[in-house]
Structures are given as structure tokens and as C-alpha cells.
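Down below is the structure, laid out as C-alpha cells.
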């Protein structure tokens, strides 16, 4: 199995979710993260003092899928998350040794 | 302070004469003194009421902030602060004169600008009266901000809210209330009943808000691809509820204060105001419960406000029992109206049109129907004329104004700014820097 | 408005007679006019005070919201809004008549329902008086919501809060205050001193809250497996603090307003109210500092409220120095009481029982002990009778009421709902949708 | 309550005499009665105004909390609550006597401690007057907390705020206002104009705040390695804005209430107060817009407050037009001053020094310049003497006090505590336990 | 070493923590996440408009342990996190190449 | 490529960010997490009842870099994040199979 970690722009989440559902992804976990990269943050002024916000809000999607599906999923995310603008984000793929569904105890592919 | 009191006493000439007195009192001098004390009570009440109405600005600010998203909080707060600040200045300079100056035509006043009617040493009543009127003007102006929240350019907001306080509100006001001072309007001439401004203040604000919401168009994401309205949740319910409590309090200045006299009549106005608000909250709760299966907080809060708006016109000439009926109907009306306006694709984030426009009209009609002295076709007729005149005039002129602004400096922020949030883009700040806000939920 | 003034003047008959006057004034007509102006001042003060007491509803809402968890914020706000709204209606229909109607038995009144004592053209004092009394009734009712927060069914809340305002509060009220209008209660007959309601309002609320908290049982997670009380932290201290400031302000209507007369006596009441609150905050701070090693905010806020509750009974008949002592003791008492109630496994999230019940009793006793005119065993005895009567009656009837509700529609939400939060389940919304809330810390 | 009214009537002797009357009224008895009713009105106004000024405590609490970080919210709330509570007690015990007691030297009063001037049965005016004065004292004290926020030890805060209310404020107050009661100060002797306390209250608070901020030094992270000031953002703008609205409301008690008389003169004071605040907000908005390219919320809020502070001295002796000018200048001044103070490495988180110190001075000068009766070199001279005296005296004594505290119990928390947050370390709690707060952004 | 990522129901965190302590786990890192899976969210109504909350609040536990301990840890989590209801969550196991304790610089097993 | 996960003390973030920039790291993703370990939490009192806060706020840095850079990055973090006090945190290194830049579709080393 593979774990796919995608960092995307928040307002793209709905599109990505729909795209993943279409190709039959049944589950995922998301979290609020802050990103630092080519896309720079913005300046804020507070009572006259400037303030540089370095980190840009992003959404991280954690997704474990059957190795066979991995490329398809990556493609789907790339498609749906892209706005063509700097800061669209990244997709990382890692290997997962084991997966367990807590409720049933199922393991491996059945667990996801 | 005492030292100054003397200066003041000289200023307040009449007072001087009445208190100077060690001379033997006579029935006449006493009568004069009695009238003066009553006058002092009237000043006191009018000004305390004005302070309560001023506080409604805080109520509007909290309601509108609570009912909109965190990323636009600074913007809506600034709008509420500035419409009152700018409004105070322009109403001092121009608005008051247009609304209450002497009028030859009956269409608007033409003197009394810059509070020129007040001369040191002269009767300061014009100041007390102005103070009470300026907070009313600001109420009309601030209503608009709610319906146009989360997508209106700040600079454009400043401009149109100044126009509302300078011209739009005062002109209509002069029609209905001009004779309270030097004016005399055609509408009051007909016997139009609007004691504290269901129409004059709230409908004017509500219909201007309607025009604004239509010209602006809905917020991004308010309507799904299927065209169905989607919920864009307000970010802070405790603030919204606090705002409603503050507004309810302020209304105890708004309605009874409109007597500008400290007499027994204010008792019934207090009771009517309170009962209508309570009834509105109750029926809105029930209606939302029936319609959505759950008692919904936003609608219930709007219900209380709807009751308050609706009783404003008739608070002094309907019985407490009638006040309950008026408020109860308002509570149902506001829910239906909010759903309807949502449906016809007009995006009013806080329900300003339904609360102030629709229920302002209902309240004005009700003031005729439930008149404690009995009603007639003529009374109803005049009320309907007033309601219609308000809609046609206010919606019309406001619509044109917003179109002009759109065509010139622009009325709406860019889609990027709207998505990012107006706080960062328009004001370069964020309202809650220490809190983690969810970025996707409602972006 | 002016146009209406005329109608109003007709309504306010007496006023009419006094102001009509161009006829030559006489000593008699002047005397009449003077009395009228004083009457106007009394109306003014009574109604302004009523507005301040109304605002206490906002204070309670903020305190209770701030002291409970974010997932139940909408629910507690709705409860505070609705107990006042429903309360206003039922107190108009029934409660007022029971509390102040003429009574043959001395147990409760039997007329004056639906404000029937007011007739257009008649003396509107009953309206001013009702307005002042309805906000007191709502105060008693709203106290209960705090102790039963975060686990009470919304519909059950509406029902019992209506019962409190319709029957429970008015019946006891008629015993102590009935003679302020048409009633005459057995307790006041004995000479019971409770000027503004330490017992009549606060203890009634507090003891009903106690019964409710007992019948409900503690919130999930309030007591560890070891049976030790665990902290369930309030989610918003700034709101809680704001609420306390608002309540403090409202008390300046609650206590001095109870004169329902604009005379010099209100000065001492203001001072006593303020000093007792200040002393309560100070001693609660110190007590928490000693007991917990750190000055704790929740206890200090409760301390100020405890001082206010304690001075309510005696605010008009104790000296400022005594007020400080009364408040100081209240501040210590509230901390001890909160810890004690926690310990005996009664879960009162906001400390309503300790603040209103316990200190209401203390304040009533203190009003006898510190009586400025000196005290006697009889005075103390009567105070104790009143305190005891209040506890037995209120706790008893409330306990039965809550038991019946439990047996019928049910009083408490399901454990799932409680864990999920009442906002989502009962109202289908969330108070802070834009904020990331921590789900485990206090689930 | 009625039962007690009797007791009270006895207490309020004069009242008794005037109302006892079924005896035939005469012109003389009527005159007496008229004066009494006016007196009642004066009590009413003075005490209602005191309540409004009390509410400013809530305003300060919200502004200071909103403008600082979430991790210090409990601490700042506690400070605002306790400076009023402790302040009330010490001002009752000592402060009032020093400020208004009879003075032989003209430097401070030496009697009337513990409200000893009030005797049951005697004239309660001293109580009404004390009530109005104690809320002023607390205002001066609470101003300091803002400038020293987020790094001051709680216990040290309690001590110095007690000293401010016991000695520092009362002594200066006796110089300018002593003659309002039994005192007579050298400054008022010169004809110093400070109607409601631009200097007496606000500059005293502001200059003490300046001394405190200097002795404390800036917060960790306020200045970058490059020495440039860095933004430490306030965590809750809606609270800050609410606070400003509350303060604005309170000022309608602060300024017009300083007449302690219900007469016509309050009308102009209301108008001036409102116009100056509005003008201040407008010019601060514009100034921030020009200087930072965006309309900044913090500065605009400060601008409204600056206008209010500036009009406080002259609210009763300048024309409305002058009030606008005074406020407009204050709005510009506050922005420049905040930037300047930031630059010279004095860290004032909420801008207290600029709002209250600088604009208090400006307002006092303006009261001379714009005097409605015309101005003279002498008037200006005296105003300047008062301004200078206030700065030298207050800054000097406060500086010494803070140095002594630093040398003894210590004035500032440890760097660890400051980084962790004062809430956890000093009070063992957190203000928002249910919310995810960002830990790095502003640690 | 293995990295164990568990996504669980928030109110189960205390139990899981205790269970892990029992078997001698000395450290872990948790974060607030939102889950999407078989367990559906709920509908909310705001001012009459319905609103579907797709993502359910979950807690993610990141835990790096000696490979030998891995199965035992997984079992412990499965045990303690299970409520038997849909949405109990998942456990994923991945390989970790290296671990460092910042304070001491210790690496490998000593670091955790 | 390697994925480096570092759990650090919040107030160290700025230093770490600067240190990483110095050695040419162009991007990273951070998130707010809570840590449990040797560093114990603190006690809070609320209305008289004590309350143990077990979890300490930490910042987690996710960083994917070319394998060659891995050691250098780990060293840099260790350096800059260390305060020498308990609770400084951990650094974990894992293997990444693939990386994609959403905007351009670049993969592998070019993607990061």
C-alpha cells in the first residue's frame, strides 16, 4: 500500500474530494497546515508596525491506497488541485507496511 | 466643574432666571420654575434615550460581525464604526437641515445646516433634539452594511453611507417628521402614523439594503451549481446574541425616547416594545422549529429584532395585547421573508431586508390597524401611502446610487479579495491572529 | 411624533389637566403640577432602571456562555434569550396577577391578569410597575439555566422556565412584595426585609437551580473514576468577564430602581451596591489565592456577583461600611460554597447556587443584622423565617417539577448528544464554525 | 419595598418635609417643593451618569483584552476587574478624603475619610457625589493597565493601582477639583479649565502609564534585532471594537454627567462629545490610510477614543464646530504619537499614553484656545500650567513608585512566564481552552 | 523503527494514551484532523439553508517505536480505540530510517 | 528522496526556518501538534478543580528533500531547535518514493 500526502490550496479541497470520490477513494484524512515555499506570504500592518506573514494556509490530505491505485490517485489530485498559480502545492508518495481498520481489525487492503 | 456651572447657567439663560431667585416666590414664578424643571426632565430623558440609541451601533456591529465570517470581521466592524462617525459629521453639516429645516415645498428643509440654529446663550433644545436625531440617522445608515457585508469595497461603503445620512434618509425623514422641528412634510400632513420610525428609519434602511444587495449580487459560494442557496455560517454566535440584547436595550431609548418628553406615556411604550420583541422571538423560534425541524438560533435572534422593528411605528398608539400580536406576526414574517429572499437569489447575510424593510412596512401598517383609538379606511390608506412612498423613493434612489458607484469607483471587491477575506486585503490585518481558523470550511 | 403626543396627552389624563394650563396658576394648581413633575421623574427612573435590569439578561447570557464549553454555546444563548421572551409573555398573562393581584388568602393574587388593570385613558403606573417587575421575574428564571447548563433538553428548559415565571416565582413574590401593588403577603406582614430581592429573586432562582442540578445529575466527565471533581473549563473568559461587568451595571438599576421613586434615597443604594460588589471581588480573589495558590478568575468573577446578590436585600437599610462587610463575607462564602457543592457531587457549571442561593440567603440575614436602625431578635427571626420559607417552598416545588418533567418528556439529553454537544444536536448549528476547536481536551 | 420607602423617607429628611404635606400649599412651600424635585432630578442624573461611567470599565477591559494576546487575556481581565474593586475600597477609605476633604494647604484634603461626612438622616448628596467620583478615580487607574499589559506581575499591579487610587490621582484631583466639595486646590484657584478631566483623569492615567511602560521595558519580541518595532497583534478585534463603543457610550455619562445637575447645559456637552469622537475616528482613519496605505482598525479605534479624551476638558465651554476641530486634531495626533512612542522604544500595547496622556494634554489646551467666551493669554497660560503640573507631578511620582516596586517585589514577570503567557503562570488557567490557538505566530 | 499513524475518535484519546503508557510507550505526538470515510458527517441548518458537514473531527496519533514493539503497539491502539461503531478509524504502519533526539543528539532506538 | 519530520518547540520555529533557508531548503510544511513525552504538562485550576494538561504544544515540520541533503538538514534542525531542555523534540527520517509539483507536474527532485 502507498500513503499519499498532498499539500493543496484550501479552496481546492472540494474539487479534490470530488475527484477522489469519482475514482472510488472511500476515505481520507485532512489537516490544516501552513506552508512555506516559493509562494510568499503577505505583509500586515498593525498599529503602524509591519508584520510579515511567512506561512500560507494550506490543507494537507493524507490518503492510504492500494499500491496499484497510487498513480491514478496522484493524477486525480494533480488534476483537481491545480490552479496553475504558484503555491498549488505538492504530492508525496510513501510506502506503507501495514494498515488496520480499528473497528473490524481487518488489515491490509481490506482495511482502507 | 462648579466654576463652569456658572458659565453654563449664563448660557442656559432661562435656567438662570428661574434659579437666580432669592426674591419672594409667586404663583407665577413658581409655575415658571415648575415648567423649567419639567423641561430639564425632558432634556434628561431625550439625551439618555439618545445614548441608548447610540449604543445600538454596538448592537448592529456585534450582530453583523457574528453573522458573517471571521475573515471579514475587521471590515464589518470598521464599517459600523465609520458609518456612525462619518454620519455624525455629515448629519451635522447637511442632513439635519434637510430633514428638519424650514421647507417651502414640503419636500425637504433648506436651513439649519451646521447646527446654525444654535447660538450660545440661546435655547439649547435644538442640540438635544439633534443629538436624538443623529443616532436615528446613523441607525438607518448602518442597517445597509449588514445586507452588503463580506463583498463591498470599503471606500465605496464610506461614500454611499455618507450619502444615506446626508440626503436619502433626511429627505424621506422630512416628509414624515419635519414638523417635529421647523419643517412640515407632505406625509405627516396626511396624518401618517410612524411614531418612532418603522418606516422612516427601518424601512428606509431595509430598502436601501435591498437595492445594495441586488446591485452587488450574492457572495461567492452562496449559491451552488444547482442554484440552491448554501449556508455561509456566521462565525460567532455569542457576539450575535450579545448584539441582539444590546439592540433590545437600545430600543428602550429608540421608542419611548421618541416622546422627547418625560411623561407617563413612556410606560406603555416600554411595555409594548418589550412584549413585541418577546413575541417575535417566540414565534420565530416556533416557525424555524417547524420549518427546519430544529429551533434555529439565527432566525430566533432575527425574530426578536423583527418584533422590535414592527412595534416601532405603533408603540405609542396600540395596546400591549396588540403589541404582542404585532410582534408575533413579525416573528413569522421574518422567517418566511428570509427564506424567500434567499430563494430569489438575493444574498442578505444578516437578514437586514427582512428584519428592517419587510417588518418596517408591516409595523407601519399595523400601527394603523391596531390604533388604540380605532381605525378607519383613511388611516389604513395613509399608512399604505407612506409604506409605498418609502419603498419607491428609497429603493429607487438607492438603486441608482449603487449603479453609479458600480460604474465609477466600483462597488464590489475582486473575487480574489473576497476569497482571501476583506480584512487582509482591505485593512491589512486579521481579526483573530492567535486563533487557528479553518480555511476550507467557508472559504 | 408630535402629532401623537396629543393622543398621548389625552391618554395621560392627569398630565393633560396639569399642562393644559394657560389659566392663571394658583398655589393649588402649582402643587398639583409639582406632584406631577415628581411623578414623571418616578416614571423615568423606574423605567430606566427596568432597562438596566433587562440588560442583565445579556450579562447572564455572557457569563453562562463563557463559563461553559464552546460546543454548547448556542444552546445556552438560546436559553437565555427564550426564558426572557417566554417569561415576558407568561408574566403578562398570568404571573403578574398571581404576584400582585388582590389576594383574599395572602397566598397569591387572583386578578390583574393580561395587564387588565390598565385601561386606555387610565393611570399607566401599572404599566411602568409591570415593566420593572417583569425583568425581575426573568432574572429569577434565567439563574436556573446556568446550573443546569450543558445537559438539559431545550424543550424541557422552555417548559420549566415558563413554569418558574408563571407560578413558582410569582407565588413567593406575592408573599414578600404583594403589597407593593394590590396584594398583601403573609411574609411582608411579618415585616420581612428584602428590599430588592436577595431572597425573592436570587434565592428563588438559586434554590430552583439547586433542585434542577440535583435531579439532572452531573455532566459526563465532571467526576473522575476516583469520584474527585474534574475541571470542565469555560471556553471564553472575556465573555464571562464582560458578563460580570454588565451584571454589575444592571444592578445599579436592580437595587436603586426598587425605590420606584426618584428621590435622594437612591444615592446610598448606589454606593452600597458598588462597595459590596467590590468587596466581594476582593475577598474572593484572596480566598482563591490562598486556597489554590493562584488568583483564579472564575472565583473572582463569582465573588463580585456574590457581593451584589448579598447587598440586594439590605441595600437601602445598611450603611456603606456594613455594605463592605456584607460583600466581603459574600466573597469568601461563594468560594467555599462552590467547592462544597462540587464536593457533594452537585454539578453547577457557573456557580449559580452558590452565588444566588447561598448568598441570597446570607444577604437577607445580613439585612437584618446590619439594619441601620439597629436590629432585634424579632427582625433576625423574621429574616430567618423568610429565608427558610424560600428554601422549603422553592426547592420543594422545583424538585417535584423537575421530577415530573424527567418522568414525562425527559429533562436530560442523551449521552451521545451531550458528548457531541447540544448545539449540533439540538439546534443543528455550531457557534464558531470558522474556528478550529480542540475536540479531545474537553469532549 | 414600599415598607422600606418609609424608613427611607425618614432618612431623607428634607424629602419627608416636602412630601408629608396635606397642609395647604403656599408659594413658599411650593418653591421648596420645586427645588426638591429639581434636586431629585440632579441626583438621578448624577447617579445614572455614574453608572454609565462605571460601564467604561467594561469598555477598557474589552479594548485592552482585544489589543493584546490570547495567552494574557485572563490576566488583563483580572487587572481591569480588580483595579476597580480595590480602587473602590481605597477611594472610600482614603482617596476621596484626600481629593475632596477640607484642605488648609491647598495641596490635599485631610478629612471625609471612610465617607465619614455621611450620617444617616443627613443629606445624602455626599454619597451621590462620591459615587460619581469613584468611577472617575477608577478610570484613571485602569488606563495604566493597558500600557503595562502582557508583562506586569499581577501582585505588583494590585499594589500600584491601589496607590494610584489612594494617593496619586486624588492629590492631583484636589488641586483642580477640590472645591467641588470641601476642598480648594491651587490650580482651580488660578482658573484652570478642565470640565470633565482631560488632564485630571486622562493625562494622570496616561502619564502614569508612560512611567510604567518605561520602567518595565518592552515586551519580548517587540523590537527586532534591527531595533525596528515589530507588530504584536491584538488577538480579538471584535472585542476591541465593542470596547470602544462601550467607552463612547460611557463618555455620555463622563462628560455631561460632570454637571452633576440636570439642566439644559448637558445638551451641548452631549453634542460636543459625540462630534469630537466622530471627528477623531475619521481623521485617524484617513491618517492611517495615508501613512500605511490601508485604513487600519487599531488606529481608527484609538482615534475615536482620542477625540473623546480631547473634548473632555472643553466639552462644556466650546462650540460644536470647535468640538469637531478638537476631535479631528486628536485623531491625527494619536496616530503620530503611537508611531513616535513605538519608535523611541517605549512599548505601549494599547496606545494608552497617546490616547490619554497626549490627547488629554491637547484637549486641556484646546479648552482654553476654543473657549466659547473667547480666550486670552492668561487662560492659555493657566491651561499650560495645569498640563505641565500634571506631567511633572504624575510622571515623577509614578516613575519613583515603579522603580521602588521593581527594586522590592519586582514589577515584571520572568521571560519564561512572559513567553508561556501570564494566564497559565499567574492564574493557572487559559482564556480559551476549547480553541486551537497558534503557538508560534506570536509566542 | 516503525512509525505508527493512528486516526481515532477524539473522545477515545484518553483511553489510547493510557493503553500506550501501560505497554511502556514514552512519547507520542497528536494532532487535530478531519476525517472522511464511511462515517458520514451531519447536516446543519443556518438561517434556513442546509449545510453538509462532510468531515468528521478525528485525532491523529503519530508514534515512532522500535520495530520489535510495533505489533504490540498496534494491538494496544486497536483495543483501546475501538467502540465498534463506524468511524473508529485506522492504523497505518511505516518504516522509519532514522530518529534523532534534538536535545541530546541521540539517534536510533535511544532517541525515542 | 527523504521525508524529514521534526517535532520542535513552537518558539524555536523562526530559528529553524532561518537555519533551513541558509542551507537552501526552499519549502516546508508546518502544523500545530500536541506532544506527549518526558516533558510533562502543567496543572491548571478552574473554579477550584485541578486540571492536568498532559499535552504540550509543539510544531511539526514536514520536509521532503533530496536524499543527499538529508543529513545536512537533520543536522541543521538539530542545531537550531535545541535549547538543551527537556522537550526539545525529535527528528524522524523516512523514505519517499515519489514527489510531484502540482502546478507543473514536475516529479522527483525537481518537484521539491
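Letters are used for the chains, namely A, B, C, D, E and F, taken in the order the chains are written, and counting of residues starts over at 1 for each.
Heads up, the rule we're going with is that contacts are C-beta pairs under 8 Å (C-beta built on N, C-alpha and C of every residue); 3 or more make two chains touch, one makes a residue touch a chain.
Since the model is a prediction, treat every value here as computed from it, not as a measurement.
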- Task: Indicate the lowest number of steps between chain B and chain D, counting one step per move to a touching chain.
- Result: 1
- Query: How many hops, at fewest, get you from chain A to chain E via touching chains?
  - Reply: 1
- Message: Validating interface symmetry: for the copies chain B and chain C, is the fraction of residue numbers used by both over half? Same or different.
- Response: different
- Query: In whole angstrom, how far does the Cα centroid of chain A sit from the Cα centroid of chain B?
  - Reply: 47
- Mind checking the centre-to-centre distance between chain A and chain F? Centres are C-alpha means, answer in whole Å. 18
- Multi-chain contact sites of chain B, meaning residues that touch two or more partners: 27, 30, 34, 37, 41, 44, 48, 233-234, 236, 242, 292-294, 296, 298, 428-430, 432, 435-436, 438
- Item | chain F residues counted as touching two or more neighbouring chains | 30-32, 44-46, 58, 94-95
- All chain pairs that touch each other: A-B, A-D, A-E, A-F, B-C, B-D, B-E, C-D, C-E, C-F, D-F, E-F
- Query: Tell me, which parts of chain B touch chain A in their complex?
  - Reply: 419, 424, 428-430, 436, 438-440, 443
- Where on chain F does chain D make contact in their complex? 10-11, 13-14, 30, 32, 42-46, 57-59
- Message: Which residues of chain D touch chain A once you look at their complex with the stated criterion?
- Response: 229-234, 288, 291-294, 296, 298-299, 302, 335, 338-339, 342, 351
- Which positions of chain B touch chain D when the two form their complex? 1-5, 7-9, 11-12, 14-15, 24-27, 30, 33-34, 37, 39-41, 43-44, 47-48, 50-51, 54-55, 57-58, 61-62, 65, 73-74, 77-78, 80-82, 84-89, 92, 114-115, 118, 120, 123-125, 127-128, 130-131, 134, 154, 236, 239, 242, 426-436
- chain F contacts chain C in the complex at 44-51
